[in-house]
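Which chain is which? They are A, B, C and D, in the order written, and residues in each are numbered from 1.
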Amino acid sequence: MMKLSRFLNSNRNALGKATDVPRHPCKWFPRCLASLNTMSCYATKTEKFADRVFAPYSVFKGKAALSVEPVLPTFSKFGSGNLKVDRRGSMMLTFLPAIGERKYDHEKRQKFALSATEVGSLLSMGPKDSCEFFHDPSMLSSNAGQVRKNLSIKPHSDGSGYFISLSVANNILKTAERFTVPVTTAEFTVLKTACSFALPHIMGWDRLTTPVPGTLASKLSKVDPQMPDLEWDK
Amino acid sequence: MMKLSRFLNSNRNALGKATDVPRHPCKWFPRCLASLNTMSCYATKTEKFADRVFAPYSVFKGKAALSVEPVLPTFSKFGSGNLKVDRRGSMMLTFLPAIGERKYDHEKRQKFALSATEVGSLLSMGPKDSCEFFHDPSMLSSNAGQVRKNLSIKPHSDGSGYFISLSVANNILKTAERFTVPVTTAEFTVLKTACSFALPHIMGWDRLTTPVPGTLASKLSKVDPQMPDLEWDK
Amino acid sequence: MMKLSRFLNSNRNALGKATDVPRHPCKWFPRCLASLNTMSCYATKTEKFADRVFAPYSVFKGKAALSVEPVLPTFSKFGSGNLKVDRRGSMMLTFLPAIGERKYDHEKRQKFALSATEVGSLLSMGPKDSCEFFHDPSMLSSNAGQVRKNLSIKPHSDGSGYFISLSVANNILKTAERFTVPVTTAEFTVLKTACSFALPHIMGWDRLTTPVPGTLASKLSKVDPQMPDLEWDK
Amino acid sequence: MMKLSRFLNSNRNALGKATDVPRHPCKWFPRCLASLNTMSCYATKTEKFADRVFAPYSVFKGKAALSVEPVLPTFSKFGSGNLKVDRRGSMMLTFLPAIGERKYDHEKRQKFALSATEVGSLLSMGPKDSCEFFHDPSMLSSNAGQVRKNLSIKPHSDGSGYFISLSVANNILKTAERFTVPVTTAEFTVLKTACSFALPHIMGWDRLTTPVPGTLASKLSKVDPQMPDLEWDK
């Protein structure tokens, strides 16, 4: 099985290699990359001359493409120059339907943002495990329940990978869409390894721990002497 | 089991998602976040204009909330500009009792600081393992034994996660408190992944290895030629 | 088995230790290191005074040597100061045939660049798994199929490591070469651990997440407030 | 077993906690810390005003103490501002014999430097595995075989940890020493996690991949367009 899956994977890699070799892109690549990054372009509307780096990990398959990239948390100031996480980061999954051989329709893309805990579910999956998440963009608002998104990850019967599916039911637009992207064990291992790297960053813990001189880390070291008492302090 | 646990987890995520979506906070969130960071606010009393970053990973459950964040080590100078770890870092666990739906009492919070080795115990836990730690804040002082803290991590019978419990017995105040927070496999995986990331930082090893130009790392490279002989040197 | 393999490994280490102790190099070491880095020297032709760092992980065995090092992605600017990955990074494997005891012929070296997904295959290998990759440098050009490269990783029958083999069939030069390097479990674990570290970097994700002040990361945090809506935005 | 070992571990932690709580050090701590860092102090003789950071992970047990810390590689320049690894880094193990309760004799310390591949052996160990390494400081010199060092790691019969032993036979001084330090599963997990973090750094790969603006990483991105052809280039 393993061996077979690897052959399938490597053969797939040999054919065009669109999956991970942008230097041999599908002939619509610039357009579809742009599409993948519309989210980011959108964001840049809010600031001038911002540097954004677009480095999605993309899996192009027959019926749809899946692109994954981390979104960093935002911080807000409070007190005497302190920062707290304002909005958690996430792993943003973008699905595009295929509309021809290696052609994907960015107008019909759908997104799903995995929270830190949902990333934890993905990281803890074994070869036979499934997981499923439900999001409601209007949760806690008057439109609650009008749009429902459901992401599921289900193993291939032969253990050679997973099916990653997104369903979006929109009662306002009266639309229902479904995307399914089969990912190999190799592709899923890239996702797990990259998500494991990204998790502390989307949690904002890299800010706590990377000792860039003159920033919090070096300053923290000055204040920590108080720390241990605080385990006991009320 | 796995599959079931994931459904439970994702459903739980769907309900309010207070666990990991601060942008849909519980309605007492600002107050309870403040409470979680009193430790840090305390510390800032000792320095002016310090940048502190607050990015706890918080799990809000029915009877209590658990918040986890790394505390960096402190360094002191000695010799000709050398630094040594003055106080090890730790993973600080903060428990808050619930006093209503998604309302937590920060006045009654209790803290428990995991050492590097205790983090190692947590990292090595399999789905059926338990671990337990005992701390005495007054250890080696005349009050030894007056306050005793006991943290235990026990697996759910169905393997779907763990119960994390803190007991605090204070013979001086004549109080005894107990907090129990059930965590899912997904939440525990976040804790393990984040603790694995944080461990070298609370040990101070990021200072040894991150080559910030002009600091120790680049200087180390000048002195290391002596090093190998030193394996044999007395 | 495990124990035996470790003895074999440690004994092998004890003999000259060329594998991982450059300070006791084979007597042709400077020349063979130069050879390993010709790729890089080539590159430096295109820029003056570039800093390049050469830190390959090299395994010197009886019939061939294998050297592995990451190659970082390239970025190109677009829009208002945005960056996108222009060419993915890779793990570059370089094989050199032995032409005498601890002497390797850098004129006859062959290279094989593992993509992110191929690195994922390597990372997901268990002690009994194999994997195989096929590359065609002329793919999609008129010379397609003229040069074919085949990298295979096969486990030792006793589970004590793997054979890493590269075959290169060149129909233009009418040449066929094959290199086989046996690697111990310890050496393969170094490769896996180092590839796991390198993967986010060859994907360009370190650029997304390392918060170097004043660069994208800190700017991203300004624009992210728009982000979450975008999960739902069309 | 697991559970038992954890109790033993946590109880051990509760008693003085010298292992990982320097803020409750053994009463000889400053002296024994100094001893652990003589290697480093030695090195500083060769440069003025160097910043060194001392952050060993130390395990203090009844008959001996073991202290572990990474040693970074050294680089030398060549060509037009290029750097190559001059001497690989290592994980330095320092053993000190006990000469009383929590008192350790730094005069009698012995060191053993694990290479990257030896770290790979340690990282790949399962709960029942052993490994053993042999070093000869005088290897390839006229004194070859005069001093022999043997490091062994053997599992506890109950799977609750490992015995780490160093034997040093010195035919010149006519001495033979042996140190054995029992480490718990928790302590070994700290070693594995910290070694896994340190491995890319002792290999020098952090220099290749950390994109400090204006250094190699950003420059590399300019030259990499040549790269892929080089997979095929002779």
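Please note the rule applied: a residue touches a chain if its C-beta (ideal position, glycine included) is under 8 Å from a C-beta of that chain, and two chains touch if they have at least 3 such contacts.
Chain-to-protein mapping (UniProt): A, B, C, D = WHY domain class transcription factor.
No experiment lies behind these values; they were computed from the predicted model shown.
S.K.: If you apply the touch rule, which chains end up adjacent to both chain B and chain D?
M.R.: The shared contacts of chain B and chain D amount to nothing, since no chain touches both.
S.K.: Going by C-alpha centroids, which chain is farthest from chain B? Tell me that one.
M.R.: C
S.K.: Since chain C and chain D are copies that touch, just let me know if over half of their interface numbering is common to both, same, or not, different.
M.R.: Copies use mostly different positions to touch.
S.K.: Where the CA atoms of chain C average out and where those of chain D average out, how many Å apart are those spots?
M.R.: 26
S.K.: On a C-alpha centroid basis, what's the spacing between chain B and chain C, in Å?
M.R.: It comes to 36 Å between the two C-alpha centres.
S.K.: Any chance you could list the residues of chain B touching two or more other chains?
M.R.: Each of 23, 73, 75, 86-87, 135, 207, 210, 212, 215, 228 in chain B touches at least two other chains.
S.K.: Which of the chains are touching one another, listed as pairs?
M.R.: Applying the touch criterion to every chain pair yields A-B, A-C, B-D, C-D.
S.K.: Quick check: in the complex, which residue numbers of chain A touch chain C?
M.R.: 2-3, 6-7, 9-11, 13-14, 16-17, 19-24, 33, 37, 39-55, 57, 69-75, 86-87, 89-90, 92, 111-113, 135, 137, 147, 149, 184-190, 193-194, 197-198, 201, 206-207, 210, 212, 215
S.K.: Can you list the residues on chain D that touch chain C in the complex?
M.R.: Result: residues 73, 75, 79-88, 115-121, 123-124, 126, 128-136, 139-140, 196, 199-200, 203-205, 207-213, 215-217, 219-234 of chain D touch chain C.
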